[in-house]
Structures are given as structure tokens and as C-alpha cells.
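Two complexes are shown next, each including chain A; its partner changes from chain B in the first to chain C in the second.
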Partner chain A sequence: MSNDTKNVSRRDFVKGAATGLVAGAFAGMGMYSYSPWAYERLPKTERKMHDFGTCRSVRVTNISETSWFNNAHLIGDIHEAGGLLVNQYTLNWAPFANGKGSAQGSYDDGISSIKDLLPHDIEKAWEIQKKLALHPENPGGYSCLIEVEELDGTMHKYLLDTGWSYKWMNDCFKREGIDQMLRDQEIEALFISHEHWDHFWGLPVTMKYDNRIPLYVHDGFYDEGLQYIKDSGYKGELTIANKPVTPIIPGMALLKFDVPIINRVFGETSLAFNIKDKGLVLISGCCHQGILKFADFAYANLKYDNDKFYGIYGGLHISPFEDWDPKYDDLVISLGQWGFERIGCNHCTGHLTAKKFIESGYPVVRGTARFRSASKDYLGNGDKITFGC
Partner chain B sequence: MDTSSFSYLESRKLVKRWSGPIPALINTFLILAFFYLTWWIFQDPRGLMRMYTPYVGYMVCRWMLIIFIWLAYIFDFWPFKRTWLNKTHPLIKGAVLTIVSVAAMILLIKGFFVEILGNFGIAYFNPDRLIAMGITDFYSIEYAAEAIMMFAAIASWLSPSWVVACENAPWQKIGQPARGITIVLVTFFFSMVVYFVTMHSHMAILFYPWQKFTAICPPYWEQFANTVSGNFHIAWIMCCTVVVWQFETIWERYPFNLIKHDTLRRVASFFGIIIIALALCFFLFYAQDLVWGQTIRGTRRLMAPDWRWLHVGEMAIFWLVPTLYLNFYCGNWPTKFSRPVNVCIRTIVTALLAVVVYVIYYKTSHLFLGTQKGFSHPQQFPMIPMIWLINIFLMNVWFMDGWPGWKAVPKTEEELAEVHEEIVASDVKWTPGIAKGLVIGLLVGLALYTAVIYLLPWIGANFTIIK
Partner chain C sequence: MERRAFFRRFIPGSDRSSAPEALDANREVEQKPLSENECFLRAMAMGIDPATVTPGQLEALVSDAKPSQTTPKKEHADAEA
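Let's turn to the complex of A and B:
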């Protein structure tokens, strides 16, 4: 064979090999990647079975789930400011308003107008901010009281979140006797689920009654949020949750999720409880991580009785603005497979979601629609739910 | 030779103004500066117009892309005369063509979709109709923008496909504007059909109860895709969009341009693009499962199947950026080997660069785009900045002849003749050597794929992009 022929043959071989390489790679992608065989080789979840103890029961009192009272005003303000990615501290909502209009607010401007009044005179502080803020009557807040009974009968009280409007939250605290519990230091800790306005900005209301209460926040808090804790007059022990699982007492743990959230917030913490002979109860502020991700994380990491999901309480963050998306139907379709026996939802779950849950036959605990809660389809302000005996 | 039988883009040759990498460096710098300036003005959530709500900004950048494609590829810059295109300064040309495109975009969005389709056909195209149904202003605008945007996503696959794969057939011989109008109408029609069978159900689910009042078929893809979300369709359609441009640029229409029979070549190209896109789509979905674990249906964000399908499209777009950059600003490097070898090297290089762009984007974008760190923020779409950047590439190369690093000169007769010859490639012929190479190459390609899927779980366990 001549050298020329060899060269031609070698060049052809390389051409064929180069073509084949790309074609072979794409063939592999197309024929194997989404096939049943491909998924057979995926590793099964290795459960860590972290034993965080057991408690007898958990009772949740809904102090307030009405974070705002007019959806159109809230989402209209966000829209006017530029949408769901705009920094929440610039929206010009109380208590960080400066009177300069949409998207012109700032933490420094807002806090400088009320800092001297916090936390002792929250009424006056809120009145000042109402004059500067967009839609000052719209804020409400989210907060709940969690009472945990240990196996030996010892009772523990905790607050999850502290709402938004100083006035609204102060009234709600008084309605449920939270103000006195805080004064008496009966409440052992305040967990802030995440940095959003309706869960965190009412912090001075809690501080007014107990400014040394142990406080837990996610390590994704921004500088403004950390400064607000100081500016609210907090003098206690701040715990910045930076571990996936933080045990609190036997049968109660704080779980941390690193998720980006609308209006420049990062991360959410939620609570898990192991109820004796019942199973796992999950309690969330907004559950931006998704209720099934929350459950899946617990499944992968925690040990709980009967290896069963027992209950849920909280905002489940499905349709907070009564918006909808096909992916929300994925949850409605698949939630039943997880076997929850008691579903106590409200707040950012959305009325439509609760309605769809009920239509799907899920064990949603109904409410009484008192104190400005809008629907009996879910647990409203002042309603209670108990998990365990 | 009469250049009128060639499109403007075919008739010109872009020549570097300076030797070496200087033109690419200057253009890259200017493009990035222009990107950031316009991002701040139009899109940035901290900027002036804040269109990144997100769907309004998403709709705008998508429709800009499709109008650019229509103007340059389908209408061959009609109604602008060839003499004007040849003689006008690139800056003026770029400004005029961009303004005309924006005007056409506004007319189409506002005139056709909102006012005609939204008022007399399907309510969700018109925000006012949705507001009247009791939906908040914000979500009314977002839903309408999402629907209009999805139409552009489909058209941005089908319209260039008609030029690139189908070679404008059967209207390739008629003049402008008849050819442009015909192809736009035909691809618009097909886009409409695809929209109805892919995205209409998705949009209609927004209205409760969905099947009863909106007369849609339930999502037929539910069992296969493990979601009722139309993001499944976004995944493969976006992959089609990307593969069309890979086929046109770094693959030089290889290997389908080896087929001599016109109809066969066009049909093979059109459906070949879809098959390759589906392969890419399935791989990108599986790759996420390998790195992050299997999806949980019904949850949100990273672990949700609907988000993973969306992210398939996003990852594909990350591949389009280096693909176009290599073609536009690096002379389609490499060019010194045989076409199959060039294509193979470019494919591997751009795939690796796509990974680099992806990592850089997720590590740094929240520091300068006004977005937030994290993969699966429900209101963040990396496709928006990526397509915004691609639009600027297109403005620079199509409308401004690559100014300032490049200038357009007319092609010589020989070069123009090559354009015609190029439709059917003659540099690769079936020989025993090719056959042997093909078999070995296929095996190596499969081995490469296998190596990647074994490597991905390890990468997932050992590397963290976002801390």
C-alpha cells in the first residue's frame, strides 16, 4: 500500500472517528439517560436516622396567620417597585419607610425615624412609620405559639416568628396572652423562620415584653436583618443556625434549609417534632423549601416513631398571592402519598390550595375564620391544633 | 457574480480590523460593557426600568431574539436595501435595525397578542382580561407575559429551523418580502400548533378548575415527565433552539449536509435537530438527578421535576453562549482540520466552556445582576441574562458587521460560489476508512458518555458551586 493511500485511509479513519465520537455521545444521551435502567443505578437514600428524642404532644396556637390584608395592595407595591427580586428593605413598607415612594426606601432611613422608640414605645414608632409607608394599613403578620409536652409531662413554650405590624401583632399577642407569657419569661425561645417582612419585622413587639428571649435565625440573614435585631433592643443570646439539624429539647429540632426566596431573602428554618407513638410533625413559617422537601429531608436525616409522617402545621407556601401554577398541582396530586394524618395549614398556603386539598380528600383541619382570617378552609387566627394526646 | 441571489449575511465577509486577538478582546469588552449598561437600564431589579419581574423581561428578551432572527435570517433585512446595508456605518445600522426590531416587537406583543388574541381569542394573553377575572394586576401581567414569551420560545426554534434545516424550501427562489412573509406566516402557524399542544394546557391550569372552564386536554405528558408543568416542553424546545444554532454554526450543518437529495437532506436536518435536542434534553435532566438526587414530585425548586425540566433549557442556553462566541468572535476555531474533526473539537470545547460559564454564572451573578444566589429561585431565570447577551452578540454581528473589531467586505466570486457549493458537502465520502473510524468513534463516544455519568455523582458529592 502506498503512503498516499495510507494517509488517505488514516484521514478517513479520523474523520469517521470524530463523527462517531460526537454521534456516540449523543446516542448514549438519548438512549440511556431517561431510561428505567439509568434510574436503577441511582443510589437509594442513605438514612442517617438521627435520634433527636421523643415528646408526648405539640399544641400550636395560631397567633396570626394574616400577614397582610389586601393582596392587591401588597403585590401591587412589589410590582411597582420592580417585581419579586427587589430588595424588601427598599419597598418602602413600614417599619423601614422614608416617605420617598416606591422602591426608594432604605433600612437606614426607616430605622433612624423610630430607633429611639424601640422597643419600649412601639405604638408611637408604628404611628410614625404609618405616615411614611406605602399602604400602612395592610401589614398584619405571622406568628404562632408552640407548646411542647415532654414525656415526663414538662411543658415548654416557644414562639415561631413575630409578625410584621407592631400594632396588629401587639393586639394579637394580647388576645392570646402572649404578652404576659413573655413578661413572665414562660416562652423559652423565639425562632425566626426567615427574614421576610411578615415574619420578622414585628420583632420589637416581642422585644417589648422580653428582650432577652433566646433567639434563633438562619445564617442567610442579611446585614440589615442582623442590625435590626440589635436596633430592636435585643439583649439576649442570638443563635445563628448554621447546621442542618439543631436539637432543641428531646423530640424537637430546628432544621435549616438554604433556599433563595423572593425579595432578596435567603434561607428558612423550620421545626420538626417526634411525637411518641404517632410520628413526625413538621411546623413551618412559610416553608419556602417546599413541604415535601421538608419531609424528604426529615426522612433522610431523622429517626421518628413509627417511621411515619404524622402532621403538618404552618404556611406551606403554595399560592401566597392566590396565584397559581401547574407545579402547585403536582403537590396537590402527590401529597396524599406521604400519608400525613393531620394537615393544619394557613397563611401562604393560599385559600385555593386549601380548597384543592379538601377536594382531594386530605385531612385538612378546618378553622373558625375569626379575627380577620378569611376562610374556614384552614386554621385561622386564634385557632389551635394539637398533635399527640 | 450577482449578489442579489445571496442573503446579505452570505454576501459579506467579516474581516478583522487588527491582527491577532485584539478584535475579539475589544468586541468582548464592549459587548460586556453594553450588556451591563443595558441590563441596568432595562432588566436589573435595582436599575431603571426593572423589567426582570421576571416574566416581562423574559418576554422582551425572547421576542427581541425572534425579531432579530426574522429580520436578518428570514426577511434578509427587508425593507432595507442592500446598498444601504453595504454603505451605512455599522453604528447607525445597528441603531436603526435595533430600533425597528423593538418597534416590531412592541407592535406584535401589544397589537397582536394582547389586543387581538387576548381580546377576541384567549383571555390569558391580555392582562386586562385577567384583572377583570379577579387576578391581581401583577400576576395578570406576569401570566400574559409568560404566555406571550412561550410563543416566542417555540418560534425561536421553528423559524431558524426553516432557514437552517429546510433551506427556505419551497420558497427559496422567490424574492423579498414574499419569501419572508411566507416563511414567517408558516413558522408562526406551526409555532401556534406547537404552542397549543405544549403550552396551552400549562397556561390554562392557572385557572381553577382547569379542565372545566378552559376546555383543555389534561397534560398528556404527566406520567412521562412526572409533572403537569409545561416546563417539560420548555426543556426540549430550548434544546431544539440551541441545537439549531449549533448545527448552523459550529457544526457547519454537518453531517446532514452530506445528503445530496434536497428533500431528504432538509427533512433529515429538521428532524435530526429534534432528535439530537431530545437526546441532549434527557441527558441534562439525568445529569441533574445524578448530581442532586432524584426528584420529588410536588416539592418546590431544586428537587422538583418541573424545575429540573426548566433547568434543562437553562443549561442548554449556557451552551449556546460559547457556541455563538466561538463562531462569531473566534473565527469558528478550529478550522485547520477536516470538517468532522473541527466539528468534534468545537463541540467538546464549547461544552466545556458552557460548564465554565455555568459555574461562573452561579458563583458570581448575584454579585452584579441584582439577582440572588441559589440555583432554583422561583423568580429567577438565567435564560434572561444569557439571551440578553446573545441578543447583543446578534446585534453586533448581524446588524453591525462585528464593529469595531471587524468590518464587512463583499465576498469574491469564488467565495460566493463556495456558498452555493457548501449546501452539499463533498469533503467527506463513504470509504472503508470512514466506516472503521465511525465504529470506533461511536464506541469512544459511548465510553465518554459513560465516563461522564459515572463522574457526575462524584462531582455532586465533592464540589459545591454555591456556598
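Let's turn to the complex of A and C:
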């Protein structure tokens, strides 16, 4: 051993000890933060365990997930009009267009040009509006058919959303036989997830075939939306969802989220199902509440078999415009931590997100890329997914 | 120069009015946590779709932004308060 090491000065000794103590303290804090003791100190979620019953299975048919066909046109129109806080009814999109250009549209102008034709002559109404609207070929729509089997085998059919373009949605309804189901009054209710153009503005298409179908909307609907329900020719029983959890049938409930949404919309409703011996299935239109809030709310409020998240379907709103920001990775990782066994995503989830899910090994149910759906990475138009037996 | 006056020169914003009530009121407004609705609206005013970020990221993104001019529907804003 050299004399140098023997003759450590007091100053160097103190410096070394202090450095060691500081480094040790940081290391200790880091290790503690990952320990069970640290997690025990976090506030526990108080679970209400609302028992909304049990059903045997749920089958979803994707009528249309392609809400629009050109991202650049959609985003460009919104930006040109003034951004994400602009009232959607002023964007000058069909069916509320007036030919006056960006941000100059109005509900009253638009509806006055077609009101007399609704709901029976939706083809002519759409043709009139196409001549007045910005990017008239861009609208598509979001809608799905949900078939629920009760424990005793009784079947129930519901629609979630009714799309946007009258022409596109009418064609999609015919392709999946929805028009006839509506005529035969086989579909027991239409749930509108939120007031946005691509989920709600196609309402006259449903009204054309059954204008008395029970209809559920969020209590945050604006006056224009409520008036549109009347102007579309609706003669049935409107339910304004105003409770956090509304049971529909055993094993099925409507969940309400009060959040501001882009382009002056307020609130989204989503659906929850408790599948016997499997667990919870969540179905969303666009999930503007955010997937984490959606999952957190279900965990905190609902009772479900095996206390397990079993499946999810619909728009999960991560990369709706097919851009990618590293921040989105956190949502992808967080979704994985809930442990869903079947993920049937599409629409505003984004193809990029679906690819990330697949790369992460998540159980994504692939699609067939038919009827203008862009890739097989997620469930496209005409594809089906079943949860339960 | 007094010691206090000397050090005050190094504190940002110390040249503003020193009325204690006004300063306390400002501080209270600044420190009041944003409601979820306000966070969402501020994000949209910044061009961010709030559903595409985690709640923690949202709070961090909007914490320095100015309040938006658009308010949520009155009844919901009241309920939130």
C-alpha cells in the first residue's frame, strides 16, 4: 500500500464521506419509491362496486369506423376556422353548410336548406348540402351494432352512434342489414356517444328507417344538437343521460363523462358490459374523456366478474390524425397495464397506435381492411368482434 | 443601502407594488389548482387535443398557459365549481 493512500487528508475524507452519503441518500430514495411501502402510502381508490348485473356475451359489428377520408382536409378546415375551440356548427361542413366559406356556417342556415326533406329524402338533402359545404367528399361516419346476450339467452340489439354523411351511412346500413333491422324495430335503442359531426350528424339516416327508436344523449348537448334531433324527424322517447352510471339491461350500463371536447362539444357517454366469468368490456365512440379516465372510472365505480378488465372496443383517441408524439407512448404503456385480453380498436385510436399496440404484444384483434378501411392493423368496416362465449 | 434593499435587487418581481393584500390575492389566484375542465379548455386553446395526453402531462402542459376565452356550458361549469 502506498504512502499516498495512507495519508488521506481530513478534508478529502470529509468530502468523500459527504459524497457517499448524498449518493446513498438518493439511491435509497429511489429504491424506496419502487417498494411496496411507498405504494401503501398512496391514497387508496375508494371503489363503489356498482353491481349492474351480468350478461353472457357481446358482439360488435363495425358498421363504419372511417369518420372522414382525408386527415389533411379535416384538420385544415378546423385550423382555417380558428382551431379546436371553434363551434363545430360554424365549420361549414355538411349538413350545416351555407356556402359562405370557412367559419361562416350556421345551424339555422344549413338546416333550413334541407329540413323539409328529412328524414325521408336524405339522398336529395345530402346532394343539396354537398354543393354548399367545404370538402363535401370527406365525411364518412362512426357507428356500430352491439348485440348483447343475456344469461337466459335473450338477445338485444343496440346502435352506438349514427355516423355523418347521409350517403355513406345509408350505404353502410344497407351493407350490414341495419336498415331492415331498424324497419323491423329489432334495434332497441340508439346511443349517441357525443355531439361530434362524425357520430351524430348522420341522425336522419337512422330516423329514415325508425324515427321512434329510443334515443340516449349526454346532458351536455347544445341547443343546436337538441334541435337537430327534432329537425331530423324524431318522434320517439329521448333520454337525456344525467347520471354517472345508467343501467340499461343486466350486465350493460351507460357511463357518462363530463368533459369539454374539441370544437365546442361537451361530454361523452360510453358503454360497459359485465361478461359472466370473463370480466369487464368497455365500448367507446371516441373516448374524448381519455382512455385512462375511462378505465379509472370503471375501476372505481363498477363491480365486474373476476375483477378483471376483459375487453375494449372502439375509438381510443390516441393518434386520431395519424401523427405521433412521444407523449402518446405513455398512453400506450398505461393501457397495457390494465391487462385487457381482447382489444378491438379502430377509428380515432389511429393506425399508428394500433401498430404500437401490436409491437408491444397487446392482444389486438386484426381487421380485414375492407370497405375503405385503410389497414388490417385494427378492426375495419364490416369486421366483427365477440366478447364472451 | 440597507441590507434588505440590497438583496431585494436580486429577487425577480420585487420592484412591483409592495401592497401586501394585493400580493397575497395574486398569489392565491396563481396557486389555485386548475379544474379538469379548465385544463381541457386551456389545452384546446393551445391546439392540443386533451384526450391524447395523460392527466399528468395535461396539467404540466397547461399550467403556464393563459385562461381561454371560451367557457364550458354554464351548468357544467357551475357543477364543477
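Rule of thumb we're sticking to: the second predicted complex is superposed on the first by the 346 of 389 C-alpha atoms of A that agree within 3 Å, B and C clash if a C-alpha of one lies under 4 Å from a C-alpha of the other, contacts with A are read in each partner's own complex, and residues count from 1 in each chain.
Following the convention adopted for this analysis, a residue touches a chain if its C-beta (ideal position, glycine included) is under 8 Å from a C-beta of that chain, and two chains touch if they have at least 3 such contacts.
Everything quoted here is computed from the prediction, not taken from an experiment.
K.L.:
For A:L331 in the superposed arrangement: first (chain B), second (chain C), both or neither?
P.N.:
A:L331: touches chain B and chain C.
K.L.:
Looking at the overlay, does A:L151 come into contact with chain B only (first), chain C only (second), both, or neither?
P.N.:
Neither partner.
K.L.:
Regarding the shared-chain residue A:G16, is it in contact with chain B (first), chain C (second), both, or neither?
P.N.:
first
K.L.:
Examine A:Y32 and indicate which partner it touches, taking first as chain B and second as chain C; both and neither are also allowed.
P.N.:
Once the two structures are laid over each other on A, A:Y32 reaches chain B alone.
K.L.:
Identify the partner contact of A:P320: answer first if only chain B is touched, second if only chain C is, both if each is, neither if none is.
P.N.:
second
K.L.:
Return first, second, both or neither, reflecting whether A:Y222 touches chain B, chain C, both chains, or no partner chain.
P.N.:
Touch partner of A:Y222: chain C, not chain B.
K.L.:
Which partner, once the models are overlaid, touches more of chain A's residues, chain C or chain B?
P.N.:
Touching more residues of chain A than the other partner does is B.
K.L.:
Applying the touch criterion given at the start, work out whether A:C389 contacts chain B, chain C, both or neither, answering first, second, both or neither.
P.N.:
After superposition on chain A, A:C389 lies in contact with neither partner.
K.L.:
Under the contact rule defined above, give the chain A residues that sit at the interface with chain B and also at the interface with chain C.
P.N.:
Touching chain B in the first complex and chain C in the second, residues 83-85, 258-262, 264, 266, 288-293, 317, 325, 327, 330-331, 334 of chain A appear in both lists.
K.L.:
Mind listing the chain A positions that touch chain C in their complex?
P.N.:
83-85, 220, 222, 258-262, 264, 266-267, 286-293, 317-320, 325, 327-328, 330-331, 334
K.L.:
Give the list of chain C residues in touch with chain A in this complex.
P.N.:
36-37, 40-41, 44-45, 47-55, 57, 68-70, 72-73, 76, 79-80
K.L.:
Chain B touches which residues of chain A in the complex?
P.N.:
Checking each residue of chain A against chain B gives 8-34, 38-39, 42-43, 45, 71-72, 75-76, 78-79, 81-87, 103, 258-262, 264, 266, 288-293, 296, 317, 321-327, 329-335, 352, 356.
K.L.:
Would you pull the chain B residues touching chain A in the complex into a rising list?
P.N.:
Residues 45-46, 50, 52-54, 56, 135-139, 141, 202, 205-208, 210, 219, 227-231, 254-255, 275-276, 278-280, 282-283, 285-287, 289-290, 293-294, 296-307, 338-341, 343-345, 347, 370-374, 376-380, 428, 431-450, 453, 457.
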